[in-house]
Amino acid sequence: MSNALLEVHNLSVDFHTARGTVHAVRHVSWSVNRGETLAILGESGSGKSVSANAVMNILDRPPAQIVSGEIFYDGQDLLKVSYETHRALNGKKIAMIFQDPLSHLNPVYTVGWQIVEMMTAHGRPADAARARALELIARVGIPDPEAALHKYPHQFSGGQRQRLMIAMALMLKPDILIADEPTTALDVTIQAEVLALLKELQAETGMGLVLITHDLGVVAEIADRVVVMSKGEIVEAGTPRGVYHNAQHPYTRQLIGAAPGKGEIRVLDSAEPVLLETRKLCKTYGKFTALHDVSLTLHRGQSLAVVGESGSGKSTLARAILRLEKADSGEALWKGRDLIAMKPGELLGVRREIQMVFQDPTQSLNPRMSVYQLISEGWDIHRLMPDRAARQAKVAALLEQVGLAPEHAQRYPHQFSGGQRQRIAIARALALEPELIICDEAVSALDVSIQAQVIALLDDLRKRLGISFLFIAHDLGVVRDFADTVIVMKSGEIVERGPTGDIFAAPQHPYTQRLLAANLDPDPDIQAQRRSAGMGP
Amino acid sequence: MFKLIGQRAIASLLSLLGLMVLVFFLSRLTGDPAVLFLPIDATEEMKANFRALHGLDAPLLEQFARYVLDLLQFDFGESLRKARPAIDVVMEAYAWTLPLALITLSLVIVAAIVLGSLAAFNVGGFFDRLVSIVSLIGASAPDFWIAIVAIVIFAINLGWLPTSGVGTPLHWVLPVAVLFIRPFGLIVQVVRGSMLSALSAAYVKTARAKGVKNLPIIFVHTLRNAMLPVITVIGDQAAAMLNGAVIVETIFGFPGIGKLMIDSILQRDFNVVLAAIMVTAIAIFIMNILIDIAYGVLDPRIRN
Amino acid sequence: MTDLSLAKPPRSEKSAAATLLSMLWRDKLAFVSAIVLLLIILCAMLGPSLLGELASHQNLRGRNSPPFDLAKGWAFVLGGDSLGRPMLARLIVAARSTMLVAAGAVAFALFVGATLGLVAGYLGKNTSQVIMRLADVIMSFPSLLLAVVVLYVLGPSIPNMILVLAITRIPIYLRTTRAEVLEVRERMFVQAAIVMGASHWRIIARHVLPVVTPTLVTIATLDFAFVMLAESSLSFLGIGIQPPDITWGLMVSQGRPYLSNAWWLALWPGVCIVITTLALNLLSNWMRIALDPAQRWRLEARSTSDE
Amino acid sequence: MTIKHILVGALVASTTMVPAMAQDNTDITVVLSEELDLVEPCMATRSNIGRVILQNISETLTELDVRGDKGLMPRLADSWEDKGDGTWQFKLHPGVTFSDGTALDAADVKHSFDRVFSDQMTCESARYFADTALTFTVVDDLTVDVKAEPAQPILPLLMSLVTIVPSETPMEFVRQPVGTGPYEMTEWTAGQQIVLTRRDSYWGAQPEVTKATYLFRSEPAVRAGMVAAGEADIAPQITAEVADNKATDFSYLNSETVYLRIDNADAPTSDIRVRKALNAAIEREAFIGTVLPDGTELAVAMTPPTTLGWNPDLSPPAYDPELAKTLLAEAKADGVDVSLPIEIVARTENFPNVTEVSEALVQMFNEVGFNATLRMVEVAEHEQYYSKPYPESEGTRLVLAQHDNSRGDPAFSMFFKYASQGTQSGVNDPKVDDLIARASAATGEERAALWSELFAYVHDEIVADVLLFHMVGLSRVSERLDFTPTIATNQQLQLAEIGFK
C-alpha cells in the first residue's frame, strides 16, 4: 500500500438491473498524490467515471452497489465513514468538476450564489466566501467578476462555465480535484485554455488532479500518469509516453490506432458537375449574425468540410440549406433550382435527394420507433417501395451496409450504443438514396474508435455510391481524414477555404492557424515538442 | 416583462368579453326568472310586470346592447332577486372567498411541497408510499362527506370548533381543512413526480460533490427547478378555488361566491351570475398573469 | 457513464406482453391495482344484466338494513339502502354508469383537449393565441352554470352529463398538450422527419403524439377521480345525474342525509371511488415507469436488489 | 360504526356542553334553511321571508289562529264588518306605532295595498287578489272601508296575508323594513345573519325573547347539530334522519300536501280507470315511518284537515294491486293504450327524501303493469312541467308536487289545481268549475258545504289526481325554550310565541 493521498484499491461496483447484474468496474486500483496528475482514459461504457463517483459518494445506490474495495483518503476508508463525515470532505478536501458545466450548474441560481455556497455549505462566513469567489472568478479569467457573480449559468459561454466550475471547485483549496471530461464539450481553442488553466492552478495550489477523459490528446498534454480502462477493468497503466509508444494491451493499441488525423489527404476531382451552390446566404437572430454572405460550391462526389467553433454559423448554414431555418437573403441552388424559394410540392421531391445526419443520434432517432420503422419512414413519406417483403429486404441490406445485423431491425434505439445509433441514422439517410448527405457534427459525440469506423463507412459510401457530403465539424483530425475541401467559418463568415492539404499545411488566416495549433496531438512527444516550441497554449 | 403583462392583459380582456357574451346568451336559454321569483300561483300579469321591471321583455339583442352599455359605465345591473346592485352582492361574497382561497392555497402549497419533496427524496420508501396513498385517498374522498363527518366529530362531538358560520378565526378551521384536502392530494403528487426527475439532474450531483447537506439539496437546489409543473397545477387548483367552494360554502354556511353562484344560477338571477363570473374571471386572469411572472422569477432562463 | 442497455445481451425472446406482465407482477401494488380495475370493468360490463333486477327491487319496510348481516342473502352483506335495495348489488350495477360517465368525460376531454393542444402547439402563433384564449374562457366558465344550461336545454341524461364534465376538463389537456408539443417539436427527431419531407400530420401522429401521450394518460387517471367526484357534487347540488340512473357519485350524495344513522349508504360508494382512484393512479405510476426505457431500471432493479 | 358512535356521543355531549351562544338569557338564535334575498314586508307570504318578518317586524290586520280553534283573530284591526255590496269595514287598533315612531292610521293601510298592487315593484301578495279589484276608502284615522269587486267573502282572511307599512314607504323593495311588530331589524349582514331586537314601544304585550339572531345553513344535519352544540336554539325543517332526539325534536303537520298531478286530457290517463288504477297501485302506508317521517297523514284533499270544508267522509284509496291490474285490463279491453309511457316528474330537494318517494312510486306503478319512468329535475325545469302550457310527451307525465295551504280556506288551492283555467290544473270539468265559482262566492256554512262537495267530487267521482300525503315538518328546539312548532311554522315563526323554561 502506497502513501498516496487518495487511493482507490481493488474497487468493484455492480449495477443491478432486471436483465442481470452488470459489473461496472472490477478490481480497479489507482492512486494520486499532491501535485500529481493522473489521467483515467477510456471510452464510453468503460466505467472510467465510476470509481471517481464512488470517491465522491455520488453513485446512485441502487442501482449501483459497491461490492468490494477500499477508498483511502488521508488514511481513512471513505467507504466506511459516516455519510456526514464524507459530506464534510466533499468540496473541502476533494472537489470535482464535470463534463457538461451547463447541466451541472444549477440553472436557476446565479453563479455567484453557487460559488459562494461551496464555502457557506462548509460553515464559512458569507462575506469571506464572496471575497474569495471574486478573487477566483478573476483568476480563472472571467471578465468583470463583480457582474459575473450576479449572472446565471446560461448567460455564459461553454468555456466560461467550465472556468466558473473550476473556480467553484477551488474555493476551499481542495487537496484533490477530480475533473470528469472537463473539456469534451468545448471547442479546441477553449479546451487548450482550460487545460492550461488547470495546470497553472495545480502548480499554484499543489493539488492532486484526477482527469477522466476519452481523448488521447488531453492525456498527452497534461497527464503525469495514465490508466486505461476498458469494460470496467484497468488494462494498462503507466506514463503517457510509455503507454503511447509501448502499449501492451490490444485495446490500448486499437485506441491509439483509431486516433484521427493520420490518414492520407484526399484531393478533389473537380470534373464532376456542381450539385449545390449557395450565394450570399445571410441569417441574423436579432443582433446576432449567424450567416453573412456565405457562398460555396459543392460538386458531385465531393466531400466538403465546414469547420468552425461553436457560434461560427456552420450549423445554421446546414439548417438554412435544408429549410429548417428561413434564410434572410441569398440563394441555395440545388441543381440550379433555388431551395430557399421553392414551393412545398417541389421541395418534397428535393427532400429525397438531400439527407441529413445529426450530431446526436440519441436525439435524432425517435425513441419510440423501431429500427425498421425509422429506416422505412422515408419510404412512407415518399410513397416508395409499397411491397413489405421488398422493404424488409432493403432494410436488412441497409443495416448490413452500415455494419449492423439484419435482425437489429426490430429493436429500438435505446438498445444500441451511440455509435450503432449513428449507423442507424446513416442507414436512414441512405434509404432514400440521396445525392447529398449533410453531416452536422455527425461523429463528434462518438468515441474515437467508433468515430474511425463511421468515417470509414462514410468514405466507403462516397466512393461506392458517389454521394456528396457537406461535412460540418469542429474536430480537425476527422476533417483531415475525410474531406477533400475545407471551409473555415468564424462569426458567420467564411474566413478561409481551400483543398484540405493546403489548409492543413499552410493555413493563411490567423484564426485557422490558431485552430490548428490548439488541436492536441495524441503523441505525448509531439505535444511536448509543441509546448517547448511555444506553439502550444 | 411589462410588455408581456400588457399583452396578456389585452388578451385576457378579449377572453373576458367572450365569456360575457357566452354567459349572457347561454344563461338566458335556461328559462324565465319571473316564474322562479314569483310563487307558482302568480298571475300572468304579475309575471309580465316583473319582466317589464327588469327589462326581460325586450328582444334578446336589445337586452344585450343595454347590458353592454351599462357595463361600460361599470354598472352590472341589479340583482333580480335581491333588489341590490349585482356587483355589490358579488363583491361582498368575494370578500369572503378570496381570503378563504388564499389561506387554503398557502397551506396547501407549503404542505404539498414539503411532504411531496421529502417523499420524492425517499422514493419507494415507507414515507413515500404513506404520503402517496394518504394524499390519493384524500383527493378522491367526496368533500361533502368529509365536511359533514368533520362537523360531527370536531364541532358536535368534541366541541373543539364551531359547527359552521363565520366570525372568529376558529370558524375558519373546518372549512379550510376540508377545502385543503383535495388540492393537497393533487399537488403533492405533482411535486413528488417533478422532484423525482429533478433530483436526478446533474446539478444535484454537483451539489453533493460540493458537500451540501441533504435538506438544502432538496429544498434549495432541486425544489426551485422542480417548481414549474407544480406552479401550473397550483394555477389550475387556484382557479378552481377562486371560483368559490360551493360544497364547503353550502355546508358551512360560509357566505362566499360559490354559494352565491349556485343560488343565482338555480334562481336565474342573471345579473348576479354574470357579475360573479366576470369577477371570478378577472381574479383568475390576474392569477394567470401572476403565474407567468412566477415562472420568470423561478427560472431566469424564461425571463425573456 | 456505463451503457447499461448493451452491457447485457439484448432482451430475451419473451414477447412484449409477457415482459409487461412480469414487470407488473414485480410491482405488487400495481398488480393488485390491475386486478381491482379488471374487476370493476367486469362489474361494469356484466353487472346491470346479471343484477339489474336484484339491485332495483325495493322493500320500503326493510330499508337501511345494516351491513355484515348475511340473513337476507349475500347481496345484503354491505347492507341495504334507503329503499331496502341491496347495497352490494347496487354498487356493482352502478359501476357501469360510473365508468361510462368518468371514462366518457375523460376520453372526450382528452380527445378534444389534446387535438386543440396539438393544433395550438404546432400551428402558428395566431391560431395558438385564439385557442389559448378559448381555454381561458372555458376555465373561467363555471361548470355549475354549464351543467344547468346543458341539463335545461338538452335534458338530464348520461351523455349530457359526460358532455358537461368533459367540457370543463378540456383546458387541462389543452394546456398540457400544447406545452409538451412546443417542446417536442424542437426535438431533433422531429427535425429529422422534416428533413425527410414528412407532412405536418405525419409529424404530429408519428412523432409528437407518442411522446405526449404518457403525460396525458397520467393526467387522465388523476382526472378520473376528479370527474367522479364532480359528478357526485353536481348530484349533491341537484343538477347532476338523477335516479333512476345510478352512479357511485349519486349514491354518495343520496346517502348524505343518512350519515348519522345509516353510514353505509354513503361510505361504500365513497370507498369504491377511492379504491378506483387509488388503483388507477398506482397503475399509471407503474405504467409511466414501465413504458419509459429511461426509467424502467427502477422497476427492474427493485426485483433483484432491495428488500 | 364509528360514525354512529360519534353521533351518539355527540348527543350525550350536547347535553353536558355549555351552550356557546344561548346562555342563560333571553336572546335566541334561529337557524334557517334558506337565506333571505329580501326583507320586504310585502313579500312576507314567501315562506323564508315570512319566517323572519311576519308578525315579528310587520303585522297584518287579521291573523289566523293556528294553535287553537279561534279562527280568524284581530291583530291590527280590532274588528271588521261586512257592509254589503262587497264592502268590508275595518276598525284599527288605536295607539299603534311603527318602529320609526309614526302612528298607524288608515292611510297606512291604503298605502300598504297600493304598494302590493303597484307596477313599480312585484309584491307576491298581489296574487291573492288576482281577479278582484279593491278600493280603499279612508273613513277616519282608524277606520277603513275596503270594497271588493266582485265581492270577496273571505276578505278578512285575505287581510291576514298583507303586512302593513307606513305611508312613507317608497314604491320599491326596502332594505330596512319598518313595521308595527314587537321587533325591529337591527342588523342584516347579507349571507350571514339577521338580528331582530325587541322594541320597547310595541303596542301589545311584550314578548319574552329580547333578541333573535337568524342564521342560514342549508344542510339539515348542520342545523340540527347547531342546536345540539348549543350554537342555536331553533332549527326548523330538519330531516327525519337527523331528528333522533325526542327531547328536542318536534314533528307537526306542516300544511304541505304531496300529490301527483294527472293530466286528465292526456292518454292514457284520460280514462278514469287508469287514474283509479294509479291510485290503487300505491301502498301509501308503506311510506310512513320509512322514507317519510312518522306522523305523516294520508291525504284525501289538496288542503290539510284544518282547512274550511275539509271532508272527513273521504277515505284514501286502498292499496289493491289486483284491483289496479283489473282496471287496467278493462281499460285495455276498451281500446285504451295502457302501455304508453308514464313519466313521473319530480323536483330535487322538493321535500326530504323526494327521490326515494318517487322511485318507490315508479316501482309500485310498474308492479301493476304501468310503463312508468322517473325524471328528477331542478326547480326551473319542474315549473315547466307543472304549469300550463304543458309540454307534449309521447304518453303522459305525472308531476309530483307539493302544495302548501295554511291559510285555512281552500280558495287558495282549488282554482289553481282543479279549475279548467287553473294554471296547474289537469282537470277540465264543468261541474268542478261551477262548484269552485259558487264556493268562492259563498260564505259561512254554505261555503264549507260547497267545498266539501267539491273535495268529494274530485276525489271519488272524477279521481282527478293521486293525492298522497299531508306532510309533517320536523324542527329541533333547544330544551331551554318553551316553544312548540305549529302548522304555520313553515310560513311564520312568531318570536312572541316563544317562552323560556
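Should a chain be cited, it is by its letter among A, B, C and D, assigned in written order, with residues numbered from 1 in that chain.
Simple rule for what comes next: a contact is a pair of C-beta atoms (placed from the backbone, for glycine too) under 8 Å apart; a residue touches a chain by one contact, two chains touch by 3 or more.
Because the structure is a prediction, the values reported are computed rather than measured.
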{"item": "Joint neighbours of subunit C and subunit B, given as chain labels", "value": "A, D"}
{"item": "Distance-maximising chain from subunit D - centres being C-alpha averages", "value": "A"}
{"item": "Computed distance of Cα centres, subunit B from subunit A, in Å", "value": "50"}
{"item": "Distance between the centres, which are taken as Cα means, of subunit C and subunit A, whole angstrom", "value": "45"}
{"item": "Chain centre separation in whole Å, for subunit D relative to subunit B (CA means)", "value": "38"}
{"item": "Junction residues of subunit C - those touching two or more other chains", "value": "148, 152, 238-239, 259-260, 302, 306"}
{"item": "Subunit B: positions in contact with at least two other chains", "value": "30-31, 148-149, 152, 250, 266"}
{"item": "Sites on subunit A at which at least two other chains make contact", "value": "none"}
{"item": "Which pairs of chains touch, using the document's own definition", "value": "A-B, A-C, B-C, B-D, C-D"}
{"item": "Residues of subunit C touching subunit D in the complex", "value": "56-58, 60-61, 63, 82-83, 148, 151-152, 156, 238-239, 242-244, 254, 257-263, 267"}
{"item": "Partner subunit D, residues of subunit B touching it in the complex", "value": "30-31, 35-43, 46, 49-50, 52-53, 79, 81-84, 89, 92-93, 96, 148-149, 151-153, 155-159, 162-166, 250-253, 255, 259-260, 263, 266, 268"}
{"item": "Complex contacts: residues of subunit C adjacent to subunit A", "value": "1-8, 10-11, 23, 26, 187-189, 191-199, 202, 206-207, 210-211, 293-294, 296-297, 299-306"}
{"item": "Residue ranges of subunit A in contact with subunit B within the complex", "value": "56-58, 60, 87-92, 95-96, 98, 100, 103-109, 117-118, 121-122, 152, 154, 165, 168"}
{"item": "Subunit B to subunit C touching residues, read off their complex", "value": "11-12, 14-15, 18-19, 22-23, 26-27, 29-31, 124, 133, 136-137, 139-145, 148-149, 152, 182, 186, 189, 193, 232, 236, 239, 243, 246-247, 250, 261-262, 265-266, 273, 277, 280-281, 284-285, 288"}
